[in-house]
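The letters A, B, C and D name the chains in turn, as written, and every chain counts its residues from 1.
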Amino acid sequence: MTATATDMSGQQPQEGSRRLRIARRRPREEGTHLEEFTVEVGPDATLLEALREIRSHHDNSLTLRYSCCHSSCGICGMRMNGREVLACITRLAEAGPGPILVEPLANARVEHDLVVDMRELYESVEPAHRPLIRQDDLLAGLGVGDTSPPFARFEDCIECGLCVSACPIVGSDSRYVGPAALTAAWRSVAEPRGADPADVLAWVDDEQGCWRCHASFECAEACPAGADPAGAIMALRGELARRQLARIVRLGRRER
Amino acid sequence: MTVTSQAPRPAHRRTAGPLRAVLGWARLRGGHLGAAAFLTNRVTGLLLVGYLYLHLGVLYLLTEGPGSWASVLRLFKNPYVLALESLLILFICLHGLNGLRLALVETGTGVRHQKAWFAAVLAVSTGLYAVIVLAMYEVI
Amino acid sequence: MATDLESQTRQPSAPRRRSGTTAWLLQVISGVALLFLLGAHLVAQHFVAKGGLRNYAQVVSYLGNPVVLAVESAFVVVLIWHAMLGLRAVLLDFGCGPRGQAVITKCVIVLGLVTAGYSFWLIAALAAKS
Amino acid sequence: MTADSSSAHVAVIGGGATGAGVAHDLALRGIRVTLLERGELTSGTTGRHHGLLHSGGRYAVGDRESATECIRENGTLRSIAPGSFEENGGLFVALSDDDMDYLDTFLDACAACGIPTIVHKPDAALWLEPGLNPDVKLAVEVPDATVDPMRLVLRFFATAQRNGADLRTFTEVTGLSWSGRTVTGVLARDLVTERDYELTADLVVNAAGPWSGQVARLAGIDVPMRLSPGVLLAVEGRFCGRVLNRLHKPSDGDIIVPQRGLSVVGTTSWVVDDPDVPPVPADHVARMYAEGATLVPALAAARQRAAWSAVRPLVGGGGATTGRELSRTFQCFDHKPTDGVDGLVTITGGKATTLRAMAQAAADAVCAKLGIAAPCRTAETVLAPFSAYYQERGERQ
């Protein structure tokens, strides 16, 4: 369970009741219908706590994904009042008063209720070599990293799919590679671990690759892990533009 | 590791119909400046293309000789048309300056401050617009 | 004009020219050029003349000057290029699938050519009058 | 009993680390496995783990058996799951004089368990970890590592699935089917289609972690469980490159595990009865902040990302008030000799780091009961990537 702060004697601070309207859907059925639940939760309860409360006391056929409860595994992504969030760290209070609309992520095939098919996301990251472990030396807030030895750590991106759901362009074209794959691609270019950056750049340098993004920065707003997908896409474009200009300059010099 | 060069063709995601796609643009989920810039750029861009054809149409009257062009001039004395013309200047400023912002940001430089850049674009555009409108109505 | 036709039906990974980057660079260069060209056009056509509008005689004499002709034609070309590429980028986001997008590209090319043709005819007609 | 492994069918209840290990091991031995999990995989205690791949250092003094097992499994897991660990090592940090008194017993115990240690003087320790409490007296480096618990366990599931295991998520076990005193299968309910069905199996393995007591009760058996939740705190910002432990007798809040851009401070322990809704007492969270700040002062001002609690499924009879001093080894109950119920095995206790070894022991017991002679090969089989679980999963039946 997550942070329902209770004092040692175990009783909850004064309960509040919240109404949740949850998108329900059976596998292989097209129709989605909203079911409303009223659930008693503490003042700083998270969306995940409310959903688990519903699952254990109201309707255990409600299916959702969660595992780490602290935004490090990335499988509890969903939409709350239309905004992409990780259920485990999003307080119900952030949704403001009134009933809360809970829907699965957009731009992905819904398997059932709040569970979407993650296959596309993982497939889209493959050509970018799925960067997993990176070199890092800056420690948060200490800024003294340059003296101590660098350490290897997992990438910031937790592959939660919120950016793909938030991007307005992904919904309009299923061939667009998507912000998640482009962020992974930039990480492979910025720190090539065995991969050939030119290979990865050739893959993203396409109309359905990094050039399809129109800089709405929705992905950067939605990203819970600070992986900054928009920054990665823009960095890819900068790298490609620089290489192209360098090529033109070289052509110019060779002709003279 | 060689790249599995065949980029995955995401089979499952149906291409959303035009209406849902357009609605997708306007999903200002957090109402943040980045999305506002994206929408402003689109709207002003489309309006400017619309104006281009309106402008080319009006210019055709020039080839009809001085008589018809004089009637056009009279039309543009009408204050409402003048107000619309001034809006055109605002759209040009917004689209142009936001274009500069994108040219800068889309190479990765200053991408962390893209919201600040758009705030600057908004400020400069409204400033320029005010100056031009005052000039247009001979106030200054 | 727009990126070559077959580029959107091709899989991103096939050996390819840098059409993605080129299109973006051209859009940026044409955009910056437009700032100057549009600025010149606005100043020359509307701000210099009293009341912001030239009468018939002024327009014809203005277009008689060959320098103005050159600037205005360059302005027309760059403007139509930038407008068409921008229009196409927006239309591509309407989500009408690969076939639809190939149609959009064709239409945008045709529209661009027609507009350019008409504009040059217009400039030539007015220049001839002076 | 069937001697040929390919026709044997084992039902595993519980989609956590234990279930994953057992499903993988049995599938590798050619046994048909069906796993039933009432939520998503790793949504129980497994996923909420702070992500430490133990070197065993923390248990070297108090529980030599566990410590030896940890260091052995530490090496094995690194070889069968390459690329799943941040292999930066860990430091046991001495901050006070009584920490220093504990030093020698600690070093001797580590040596006895085969845990390699390197002693660093304060300046070397501060060079390794600039965020450390400046009045650090000494630090002992051990081969700790950090892991993404969900992804590592999913690698076991992906490999089991590849070898034919049928992993049924969102499927709850509501009862058992019997013939006399022998369990012949499970009664399951598909929570998505709300369909009830019976699944016959030659053997049922109860690997439900903190809920294994409830599952055993379905067979009228009381498994002596001690449910010991621990509060964990995740703060924003990575305050250390490697794992930081406090060099003293294991007690509350003496570990910081860096996880991506977060730092996870753990942990506390007390005893509860209900595994479903372990509370997150506010004072425990405050204690995590305080204890974490003693190791890394800057952590005191860090922004809280989340505080949650996970229930350790410990084994052992009455008497223990807090869960800590119980042994960390796991227990494998074959209920035939103890409770006269055949066809049901319960596995519980143990830690995430030793999931493979625990599964090996359990699979050996299962094969013995089924009369199958198939050796365990999980120690030398490299696991599939975690995404293979999603990519190769068939449509839901």
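Rule of thumb we're sticking to: a contact is a pair of C-beta atoms (placed from the backbone, for glycine too) under 8 Å apart; a residue touches a chain by one contact, two chains touch by 3 or more.
Note that the coordinates shown come from a computational prediction; the quantities given were computed from them, not determined experimentally.
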- From the Cα centroids, identify the chain that ends up most central relative to all protein Cα atoms. A
- Using mean C-alpha positions as chain centres, tell me how far chain A is from chain C in Å, no decimals. 39
- Note: chain D sits from chain B at a C-alpha centroid distance in Å of 56
- Between the Cα centroids of chain C and chain D the separation in whole angstrom comes to 64
- Query: Whole-Å distance, chain B centre to chain C centre, using C-alpha means?
  - Reply: 15
- Query: By residue number and range, which residues of chain B touch two or more other chains?
  - Reply: 3, 5-7, 9, 15-16, 20-21, 25, 42, 106
- Two or more partner chains touched - positions in chain A: 117, 119, 123, 127, 168-169, 171-173, 175, 177, 203, 206, 208-209, 214, 237, 241
- Query: Which two-chain combinations touch?
  - Reply: A-B, A-C, A-D, B-C
- Which of the residues in chain A end up touching chain D in this complex? 1-8, 10, 26-27, 46, 56, 60-61, 63-73, 75, 88-89, 111-113, 115, 117-119, 122-123, 125, 130, 132-133, 136, 139-142, 144-145, 147-149, 151-156, 158, 225-226
- Message: Using the touch definition from the top, list the residues of chain B that touch chain C in their complex.
- Response: 3, 5-7, 9, 15-18, 20-22, 25, 42, 45-46, 48-49, 52-53, 56, 59-60, 62-63, 65-66, 69-70, 73, 76, 92, 96, 99-100, 103, 106, 135-136
- Message: Residue numbers of chain B touching chain A in their complex, please.
- Response: 1-16, 20-21, 24-25, 27, 29-30, 32, 34-35, 37-39, 41-42, 102, 105-109, 111-112, 114-115
- What residues of chain C sit close enough to touch chain B in their complex? 11-13, 24, 28, 31-32, 34-35, 38, 42, 47, 52-53, 55-57, 59, 79, 83, 86-87, 90, 93-97, 115, 118-119, 122, 125-126
- Query: Where on chain A does chain B make contact in their complex?
  - Reply: 82-84, 107-109, 117, 119-120, 123-124, 126-127, 129, 166, 168-175, 177-178, 194-196, 199-200, 203, 206, 208-209, 214-218, 220-222, 230-231, 234-235, 237-239, 241-242
